[in-house]
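What follows is chain A paired twice: with chain B in the first complex and chain C in the second.
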Partner chain A sequence: MATTSKQYKNIGEDLWKGRAEKINAELFALTYGALVVQLLQDYEDYAEVNKQLEKMGYNIGTRLIEDFLAKSAIGRCADFREVGEVVSKVGFKSFLNITPSITHGVAPPPPSPKPDGGASTTQASAGSTFTLTLDENPLAEFVELPEEVLEGGLWFSNVLCGVIRGALEMVVIHFAQLSPSLKTNSSRQVQMQVQVDFISDVLRGDESTEIRVKLVKYLEEEVPIGDD
Partner chain B sequence: MSGRNSIQVNPSIPASSLVPSSLAALADPPIRQIDAAAMDYFLIELVNTLRESSAVATARQKKVEKEMAEAGLLPPPAPAAPTVPKKESARDSVTSLNSKSSGKGTAVDEEEEAVRVRLEAIGVHVGANFTERLCRDRPLFSETLDAIKFVCKDIWAACWEKQVDNLRTNHRGIYVLQDNAFKPISRLSSWQGRPDAVKRARLYVAMPAGVIRGALSRLGFHGTVTPEVTALPQCTFQVKLPKGT
Partner chain C sequence: MNAVAFISPQNHPILIRTFAKQDEHTIKYHYIAHTSLDVIEERVNTGGKAAECYLGLLYSMEDVAVYGYITPLKVKIVVALALSDSVVKDVEISMIFKALHMAYYSAISNPFLKLDFPTEVAQDHSPYLLVGSPKWRNFRERVDEISRIVGNTSHAVSIP
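Then we have the complex of A and B:
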């Protein structure tokens, strides 16, 4: 009963149309650009600015996900692949009105000795990735990066990585499965720890702007369905 | 695809005479928009991020001053006399450190001031460039009042989704713009009570003040903009433009 990609697109479209207030994206681009310049002047360190942008994005993401879950009727995601679909087609669409295209990565094979003998399904998919390719980046509308910034390694739109990381860390995926220890159907509530990085950016002269989201691990706690 | 006739316009003839305005409007790309809630969260986090970065910058500046003072290049900062404010010749931002070490709480005020200055600088950048985009096809405003009215209507509508509620002037270069429900501070509250909320609001109106100042300066009118918050969510901006512009 997986929601198809097209259905997610429609959900995203409807959510965007339903957003009550919209702002001219140019204001956003101008404000963000001025902020990056100010941060560069304050920190004088490109890696540090990358880190601060990501941190700012993390805080924004933790708030955005609540807004998103409240407004959208998205059900639980079955797996990380579906998470990627929702992020790209519904999440980005409803807030930034863009739909990055998504490429799912293959999870690496699980290591042969299992460390704690449990949760074999979830451990196996840790390490899965998906890559978002942004055809248009509303943040970078008026931006041109000079030489020394390019060499310094600044990822201009790094805030987006933080937003994805913050949002996904707050999201709960449900895995319904038989738990041998509890002898009941238990629903595993897992939150995701992800690592989000830019792989390429047209602002740096690359061909496309790509963000890779890698699942580091699930942070899980088992909750028997019978309770609460 | 059916064949389409392309319209060739002779560049020496003004486009407006040959191309109907509806077609000319098509020449511009559609206005991109993003969600306002996302923008609000972004602005909130922007202030927090700037607080941290300004603290780092201030600490570094102080360290350099201290080293220079120890090396004898600078007179040591005397407790009573204020040291000369330093201006970094950076593009848009001006960081001035007035180390008046009289009275308590100046460290906190210094930090707030540093953040405020940065916010205003960002506002100036946004206001100036956004005004440029909005006024691309319009002739320059000849009258100061027209420019102010543009700010009251178009800038306010684009940034804060309403228009200014009240505009007063003394016809001698001072204009007071009043907004009874100013959007950036409309949802601001503080668990410490009203006076604290008003104090915090002063920080959040720094960027809008910058937007107004930047917009006016790009239109050719250079002056000062002083925001004032006495009761949330009402806010007034006093614009002082030199006479005769």
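Then we have the complex of A and C:
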């Protein structure tokens, strides 16, 4: 039942078109810009501002995911790779009308299944990453960073990292897990703890704008669906 | 295109970029900008309520034709074009001004302009004056890009 990449793109496109309320892009960019500059004036510390932006994003993300899951018909994702696909093709598209390209990181190879079940399977996927490359960034429409801000290490769009982190923490992945010892499959519902960072940003003179999402660990809640 | 000048509502220069050959005196374009201001003021005052941004040909002297444009917030843009045999259409100049206006608009929309003056109240619209400083490269690059494009097109026109 794997949803293809193209299908995700179509879902994203439909969601975006279906939204009755859109906001003027310039207004959005100017609002966010004013916010960042105000934070810089208040905190006067670039690392702190990065942290605050991420925190704000986290709060937004935990709420946004509700809206997203309600409006989209996205079923449960099978694995972290699929999560990445949905985030880039449906998530970003439906809220910001951009589709970042995605590069999946190589996860460490899973060990052979052990009799005690899938704990090792899920652990092995921890450390997986995907990287989103944004060709365009609606937040940074008019922005030019002055010298001292560049040197200070500000990630202007850091709110996006927080949004992804907050949203994914609320999402449940449904693992269908083969367990030789049980007659039927049990499924684990797990939520994800991720670490999201900017790797590069064209505002800082880099060649591209990239966000890396790394799976730190699964937060488990095992729900066996089969009878034992 | 030989030169572009952006002038504030209080008649302070924001940015003056010249693209003429090296042996021409760039100070000449400061003088041109000043003269243009007088002509623009005249045009605007006699124009009455007609809120037209594009002012057309202001005057011509020696080897340049000078065109003017005034934004709704009274920022003046002056363009000096080298006179040539080829006919330059009004609508083309108007397009050039729109591009320059948009470049200016993008530059002043940069939220980080405000950081330069944390304590000053924005009297005399000082943030808008500093947008022309060398510190903000993007604005200059966009103006240069526009002039390059204009240079390329008019080149194509004047070659028989």
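Annotations
Operating definition for what follows: the second predicted complex is superposed on the first by the 207 of 228 C-alpha atoms of A that agree within 3 Å, B and C clash if a C-alpha of one lies under 4 Å from a C-alpha of the other, contacts with A are read in each partner's own complex, and residues count from 1 in each chain.
Convention: contacts are C-beta pairs under 8 Å (C-beta built on N, C-alpha and C of every residue); 3 or more make two chains touch, one makes a residue touch a chain.
The structure displayed is predicted, hence computed values, not measured ones.
Within the superposed three-chain model, A:L145 lies in touch with chain C and out of touch with chain B [touch as defined at top]. In the superposed model, A:Y43 makes contact with chain B only, not with chain C. In the superposed model, A:N97 makes contact with chain B only, not with chain C. Of the two partner chains, chain B is the only one that A:K22 touches; chain C does not reach it. Partner contacting the larger number of chain A residues, of chain B and chain C: B. In the superposed pair of complexes, A:N10 makes contact with neither chain B nor chain C. By the document's definition of touching, neither partner reaches A:Q195: not chain B, not chain C.
Legend: residue contacts after superposition of the two complexes on their common chain; A:S208 is shown touching neither chain B nor chain C. Look at A:L30: by the touch rule set out above, it reaches both chain B and chain C.
In the superposition on chain A, the residues of chain A touched by chain B in one structure and by chain C in the other are 26, 30, 33-34, 37, 41, 141-142.
Chain contact summary for the complex, chain A toward chain C: residues 26, 29-30, 33-34, 36-37, 40-41, 141-147, 149. Of all residues in chain C, those touching chain A in their complex are 106-107, 109-112, 114-116, 118, 135-138. Note for the complex: chain B touches chain A at residues 31-39, 41-43, 45-46, 48-50, 52-54, 56-57, 60, 88, 90-93, 118, 121-122, 125-126, 129-130, 133, 158-159, 161. Those residues of chain A that touch chain B in the complex are listed here as 16, 19-28, 30-35, 37-39, 41-44, 52, 55-56, 59-60, 63-64, 67, 94-97, 138, 141-142.
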